[in-house]
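Here it is, the structure in full.
Note that the chains take the letters A, B and C in the order they are written out, and that residue 1 is the start of every chain.
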């Protein structure tokens, strides 16, 4: 029954006053419920397209931070990973993560190979989840989250990985690993029962991507020449304008990422909460970039653009576990700590000779952990439950990813040949160049 | 009367209980109707700005796929075509396409030179189309569609066309040709009566753009050197990062393109349908790009980035004629077929020495036809009515465009001189370069 | 009390019919008020993220129009200015501009150092501004406006300013100057009482940015070599594709900028007004770019891409003071005049040897003035009150900015050394290059 139809009894009351208050009241309540359903569905659609656009943000950020000989490869990886993630999440992931009645191994694992079924065309209100939102909007919103996780990996392992092994990893990550672990909390599983709190996914999305990236960077090893003669040799990104654009797009998408995670917009309280989230999310990004700007100025005497960009992203990841509860001042200092973490973590990884091309591990893993801990200051969670969640996601994803990367390495191989790496992946793997007319410096 | 005012009688009832149920019920029904109007208007505004942004998507895609000496020209063409389309659609197009009461030659042609008039400022509900949406939102949403049609042409005829003849073509296409043929279906004309079905415009927007592009490519002839000595000489795009960005922007815009074409968002059924459309649209893009990725890997041993980008767009065009009815699996295979079509059609055009710089004809014309046929599998249309529509739009647009291009060629000329083409259109036509500091390879 | 709870009395009526019409009617009115609040809050969130994205638009536009040796600097300036603006507007600006009860020096100045406090989490309707929108959404929407003002300055003073003095200027501008003068009109201050009209900020945002930019350009002086030997030496932008992208992003963001300034979306009249604004805003941009295209063709025999881009922006600035009242034809000619102004103003500034790198002063200051005057043709304002406002904002901002720039110049210095300017700010100030692999022409 649609909204207009639901009001016909109310209108009919004009002719049949003796039908009385009961129908009238019922009609009013129904109309309000429909309106709430529309608002929440709209929130998912709007937040969903914003988060979708983060795929472009990751592609531009990473494409700007790799050298020009590897840009086309980075582009194809990012388009393909999103596409495979979309298919896998439909095929397995969504129902595995949100098992509903199909919940098979209680609290740990949902049903396998249960593809997503949308609401019927023109679904009747009686058949819709009136207290929530349409299946299609929910599926779309969750799908763009899983793609973000895969994008994080893409950046860290850039400039030396083969295309297809990377995509196989993405298929397993987005179809199986992320949905299983995501289910522990967001699917109402055992970590949810333990009181673990992660509003929009500092751990569930960002740390998970970061752990998978760390495992990949370790198994792959650093790029040729990066740590030659025990010195760190910087390999500057080829297009910092593109990287800046990517950062702004990610910042934009994050309003959907965090705002949509309110999961409701149909009441005064809910839409006001979405507003709080927007304001806090923006503040954390701002303070993260300012912190990185000031810190690099103080430490190196020159501010570092890539650090400022990563500082903004660090602030965003840090506020993601609890973007609602903090005050604006809370968001400011939580984001600023994120920016500081990144500035110290990037050279630290280099000390361990872990070659993370775009800084994905400091931003998404370290700040993901920090953000999850920071929940205790404003949110409703104990340090114990937060650490339990951090460790659980860490062990599961890192060990799982290590195993998967190792299997891939020992079967199909994951790294291009030395010659191909030196010549660039674009010519070697794709036979094309991203900027064929611009000579290399 | 605005929503709050409409409720005053209901509130007044407190003091005047004898006024009774009639006013109360009427007020409730009115409030619900207003809410529906606001939701649908909001859908048009939101979808409209997403589709607007496709203008940037086309510009970046095309700017990335042409050589650097023609990039500034491609930019000015895309900004100018949007601007002229906006003016022409106000001046003639909108009322010609959606004639309403002015419908003059029944079912074939609306009134000429009837400019668009918006709702009055602060329009009273009694004067608004309460069962639909505001005129301004509807006009804006339709306007950005016509601009997309013109953008398709822009890519195919790139790197050799003169600016002003191209813009004259755009003016006629967007002001007259597109609105007339669009009216046959969406204006409630004769093809609508014949049962032709095209939800968001696989034929009405994309094929029409494709036919106009094909006519242009034929009359213009190929770029110098493209088919020299009977071989195909690839002319690689100058900036594949930009082309990838453009593809992502188009993908984003398509949620508005298809989702907004539901034309309603005020009921549970409608907003759930918009959600289905989002999910299906995304799936078709994903499967189109995956199909192109796998197919180029198999055929050429190396995946082709531009094919993957065009594969995503092919999936999007393919699902556009019916993004609502298919299941997610339906969207998957319809999109995948689109991706396959593009991989085979691009070299086929080269065999016929039709030089389509960005692959616009395979993507928009061929997949537009495919998508229109695919409606029969899930939607409510016969193959006969679909073929009738495809042929009708094809004949009208292709013949019309051929005539127009021929007139332009024999009067003002449409092609730059050989010298100008070799030196690049940017210096020849605009006296500037897009990348003056980056040397040419 | 949320919407569902508010309906419980209505539902309860079924069991207790004697409670009667009073509660029922009250519940219906309350539900409608909540729905209005949600719509308006949603408008601010949606418009807010669109305007946020203008930060990326300014960055890309300016990054495309400077030479490649200064691109990284332009990027860091634009990310940092947004971040500082966000912090300052929370710390001082918002409450200074919209003083509410804290209004201290009546009509001239609000309270200092009163940080912004958001609505409580899950705010009860009784504690929310039900006749308006959530504090968070309002704050976010206003914050992205002030950032736009700062972005305008960034472009004009490019390629020669030091980073930190620029950021100090931004801090004072966004935290103090803009909020004080903005308060005169939008905070309900003395200019509002005088009948001054500026719907979305042709003067309050754009002219203010333009005046601050002009003061900066004057105090800084032109770039080395720009006016050597009394001739104007063009210094072409390094990436016109990027500049075009930036323009499209700004155009997109402007729908939020003007549309959101309706400040309400919960009634038929309001959402229809937002629609009018979208249509008019688009039309003015289109006519501004067409006017610049035709005029440069006529004057210089070759159309100028950067003029066309600035023409679109000129149209947008021109319609910003009154995007609601004009007809579409009104928007067309108001925007076209803006495009014409820019084409004449750019060389005029060069005659005065005022070096504005991106054309920010013609676009934002001159067209801001024009747009503010144009209100008298369709809107509800006298020429006198408009001129008063233009002069008041001009004197306050220009004098204030002159003083501030002069203080900065005579203390920390605002201009890089001659050597640094010639080598480029990227290496000198940041020690990095935006495009390290693309050789300079």
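As a convention for this text, a contact is a pair of C-beta atoms (placed from the backbone, for glycine too) under 8 Å apart; a residue touches a chain by one contact, two chains touch by 3 or more.
Note that this is a predicted model, so its numbers are computed, not measured.
S.K.: Expressed in ° and rounded to a multiple of 5, what is the rotation angle of the C-alpha superposition of chain A on chain B?
M.R.: To bring chain A onto chain B, one rotates by 120 degrees.
S.K.: Taking shared residue numbers divided by all residue numbers at the interface, is the value for chain A and chain C over half (same) or under half (different)?
M.R.: different
S.K.: State, to the nearest whole Å, the distance from the C-alpha centre of chain A to the C-alpha centre of chain C.
M.R.: Their C-alpha centroids are separated by 30 Å.
S.K.: Two or more other chains in contact with one residue: find those residues in chain A.
M.R.: 20-21, 24, 28, 35, 42, 46, 239, 245, 435, 438-439
S.K.: Looking at the complex, which residues from chain A come into contact with chain B?
M.R.: 1-4, 7, 10-14, 17, 20-21, 24, 27-28, 31, 34-35, 37-38, 41-42, 44-46, 48-49, 52-53, 55-56, 59-60, 63-64, 71-72, 75-76, 78-80, 82-84, 86-87, 90, 115-119, 121-125, 128, 130, 133-137, 139-140, 143, 163-164, 239, 242, 245, 429-439
S.K.: Over in the complex, which chain A residues touch chain C? Could you list them?
M.R.: Chain A reaches chain C through residues 20-22, 24-26, 28-29, 32-33, 35-36, 39, 42, 46, 50, 67-68, 236-241, 244-245, 247-249, 251-252, 255, 259, 265-279, 282-283, 285-287, 289-290, 293, 297, 300, 302-306, 308-309, 312, 324-325, 327-329, 332, 435, 438-441.
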